[in-house]
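Dropping the structure in here first, questions after.
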Amino acid sequence: MLREAAAEFLGTFILIVFGVGVVAQKVLSADANGSYLGINLGWGLGVMLGVYAAAGVTGAHINPAVTVALAVRRGFPWAKVPAYAAAQTAGAFAASAVVFLTYREAFDAFDGGVRLVQGDLATAGIFATYPQPFLSLAGGLVDQVVGTALLLIGVLAISDQRNAGPPAWLAAPLIGLLVVAIGVAFGFNAGYAINPARDFGPRLFTAVAGWGRGVFTAGHGWWWVPIAGPLIGAVLGTWVYDVGVGQALTSKADVRS
Amino acid sequence: MLREAAAEFLGTFILIVFGVGVVAQKVLSADANGSYLGINLGWGLGVMLGVYAAAGVTGAHINPAVTVALAVRRGFPWAKVPAYAAAQTAGAFAASAVVFLTYREAFDAFDGGVRLVQGDLATAGIFATYPQPFLSLAGGLVDQVVGTALLLIGVLAISDQRNAGPPAWLAAPLIGLLVVAIGVAFGFNAGYAINPARDFGPRLFTAVAGWGRGVFTAGHGWWWVPIAGPLIGAVLGTWVYDVGVGQALTSKADVRS
Amino acid sequence: MLREAAAEFLGTFILIVFGVGVVAQKVLSADANGSYLGINLGWGLGVMLGVYAAAGVTGAHINPAVTVALAVRRGFPWAKVPAYAAAQTAGAFAASAVVFLTYREAFDAFDGGVRLVQGDLATAGIFATYPQPFLSLAGGLVDQVVGTALLLIGVLAISDQRNAGPPAWLAAPLIGLLVVAIGVAFGFNAGYAINPARDFGPRLFTAVAGWGRGVFTAGHGWWWVPIAGPLIGAVLGTWVYDVGVGQALTSKADVRS
Amino acid sequence: MLREAAAEFLGTFILIVFGVGVVAQKVLSADANGSYLGINLGWGLGVMLGVYAAAGVTGAHINPAVTVALAVRRGFPWAKVPAYAAAQTAGAFAASAVVFLTYREAFDAFDGGVRLVQGDLATAGIFATYPQPFLSLAGGLVDQVVGTALLLIGVLAISDQRNAGPPAWLAAPLIGLLVVAIGVAFGFNAGYAINPARDFGPRLFTAVAGWGRGVFTAGHGWWWVPIAGPLIGAVLGTWVYDVGVGQALTSKADVRS
């Protein structure tokens, strides 16, 4: 069990160290060494590498919403859910610290040492997601539910052994591309967290590392939306996949046997 | 049969939710969170994911032009064509609704709640394709015939078991890349619909969701071109592939057996 | 033999229809629907798709320099070289015609119907390569020799069965990526033709389709450099690969048997 | 042994010829034919192609830090380390010479024949890395340790046969993507050398080819940081991987046998 937690910690660490790192590079370089498409690719690559790191031990959830959806609809033991979620969040926290450490001098050069949550020199958005000004909390919840539902539909389509997916060793880059797809299509509203650990771990880091309580009050208290939305969306997406194609594949398998 | 329709519905839904989503993100963010290359990648990824979702049940046509070409030249049962085309179009319609729902507040922030087909604040082009001002209907027909012929030549080259293509589980990302290729090379005239369901489903959605009849009258009544052109082009492309390499592969196979 | 020529024709047709198409889209849209990186990707995808189309019949040379290098150092029959080179060049010519036909109205909108080889409204560079002003013919020859040598080293590293390369069905996308690499690194001097058919077929098309003799006189009579350079470079690259790793692999194989 | 050195020479040559080539193209074209994302892709593709070239003979280290980490923690013979490192550095030097030769006229057009280490017309950064003005040597050391540790964690996750990685023939493009990930996320501080041969070989070339001693004194004597940092980081990354998931995989394997 400790070893599973260690693998989820390392897998999520890798996801976040690249994901937060790519946003840090774009923001701190004032877009000279980054672009929005680069951010999409960076998160996709982080997913790919995080999955490869943890897959041999746990199958690589690296996302509490995935862990919960597998518990609700695939029989993953509920008893393991808290430890998985804690390890994932801790891995995301630790990765945020490593990115901050690596770019500490770049942060100081960018903001003069004053860590801000909002404004032109804000850097809190490097770590956690914040909504567009026009987005209501309800609209944000829809955004996170849709994004995470699409994540789960895609993950299941790619990894369902009854479907026409690839060998298990190719799932990692394809799930990475799935996250690129969500990023280029559903990132505008609120930065496509679609993963409670990806958002809460780095947000907690900013709260204790100098950005202060504003990271929880910003966006009308936005912080809980990228936790609740993904949990709902992941279960919904699993259900949509099962109704849309899962049942047809099951009955095909039944006919064969 | 219902299950095949459900799979084609879900596969085309996924294609369009990412494809229309990526255009929505670029337009509504005023290019801050998108680019033309990002659009090309988004459609390619949508194809890849839609194919993975439906492949285990139907082989994943997710395009009425593909369904018709397989009926004309590969013995796919004509009796199934209407149900496939209807499911594909309905999936594209539903995906348009989901994108609109997810970005509803962003639409209002962009156009103040007035849905337009033409002009700087137009958003109809997020959903369906519209031609460049210089393009005649005849020129548009050529464009759609050529684009869809290339689509079918590529699909057949990748998936023809007699040729040197990859295992079936790798076809999805390669066909996604094929659509990226068509997008970077043949998207300028009229947005590379190359799929009647991809264009007509979302266009119908805009007609009923607030953009009005202009979506059918714009571009000198452009709407039928991305339906007729792909149907012709898909059959033509299949024929070109068969003449160019298919026959050589058949006679090689004959020699072997 | 006719079938091999047909496959090389179709494979090179696909390479050029996407490669010339992507440049056409960038130039004619005044960079709105294209970018330099998009051009690099378009050529890479064209290579991938052209290889998949022809691989089952001929192994997919789609480049006279590859054909000649295989004749010089791998025992490909010299008697077939002229037919292969002719089919490749004809495929490139036909693809240029299809791109021109598809974008005819866009050409007229861009240049008012006057086809130019040089200047802001020049469109000859859509089809064939032209050198930078600073490049001498000798420097261009070095450029083409180096680029094509790297092409062959890469092709051999990927497809040499004694080395650690992938299964044959994965060679096509990897060779496509190799051409992307050459494009992002060695395209600045003169547009990385690295393929006599890729350059001469489209150049011939422009000569007869309205651009006139200037396509042969421009760049101090540049046209022969992307023919001679690749032929030399391909043989050189094959030799470098054989000396660098090929011999070690051969002796390893000898030890095993 | 000579054959292993030749393979490491050729593999590193290919890595650097594309990596340095892509920076040369961006700088010398004043960004017309390149971009930061293009640079990231170019280095990733260089890694992929270099690995494919050398993998059949040596397993393709093409990086002295990898060679040393394998000696420290995987039993690679220390006696071979100096020859590997020398061959890698020599390959990087030779590749720099080939890039310079290919772009010689472009260099002259860009800087008028005066090779500079600093300033708007500087071209030394095409070959070796130089730190941002805000970066201290200590901060640079952290940067190189973190980047190279991530490189090794990723390489091991992808190639560890006990984990859920791909077949060996797919490692090359995935390690290329890993380097893209490091480039988009950890390239801002100091250009992500993460490879002593990649930095020192090209730096030595500039020292002797006209840029002079400034390439060693610039950045407060920066040159040794991309040598020392990667050596430390590679060993650290190997240790982190072993603690995080390697031990869990070992005990799983023990249970099975």
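Think of it as A, B, C and D in the order they're written, each chain with its own count starting at 1.
In this section, a contact is a pair of C-beta atoms (placed from the backbone, for glycine too) under 8 Å apart; a residue touches a chain by one contact, two chains touch by 3 or more.
Only a predicted model underlies this, so the values are computations on that prediction, with no experimental measurement involved.
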| item | value |
| --- | --- |
| Per Cα centroids, the chain farthest from chain B | D |
| Copies chain B and chain C - rotation angle from C-alpha fit, nearest 5 degrees | 90 |
| Copy pair chain C, chain D: interface residue numbering same or different (half cut) | different |
| Length of the line joining the C-alpha centres of chain A and chain D, rounded to whole Å | 29 |
| Sequence positions of chain A contacting 2 or more other chains | 37, 170 |
| Topology of the chain contact graph, where touching chains are joined (line, ring, star, complete, other) | ring |
| All touching chain pairs, where touch follows the definition stated at the start | A-B, A-D, B-C, C-D |
| Interfacial residue positions of chain C with respect to chain D in the complex | 36-37, 40, 132-136, 139, 142-143, 146, 150, 153-154, 157-158, 160, 162-167, 170, 174, 177-178, 180-182, 184-189, 240-241, 243-245, 247-249, 251-252 |
| Complex contact set, residues of chain A against chain D | 3-4, 6-7, 9-10, 14, 17-19, 21-22, 24-25, 28-29, 32-35, 37-39, 41-42, 45-46, 48-49, 52-57, 60, 98, 101-106, 108-109, 168-170, 172-173 |
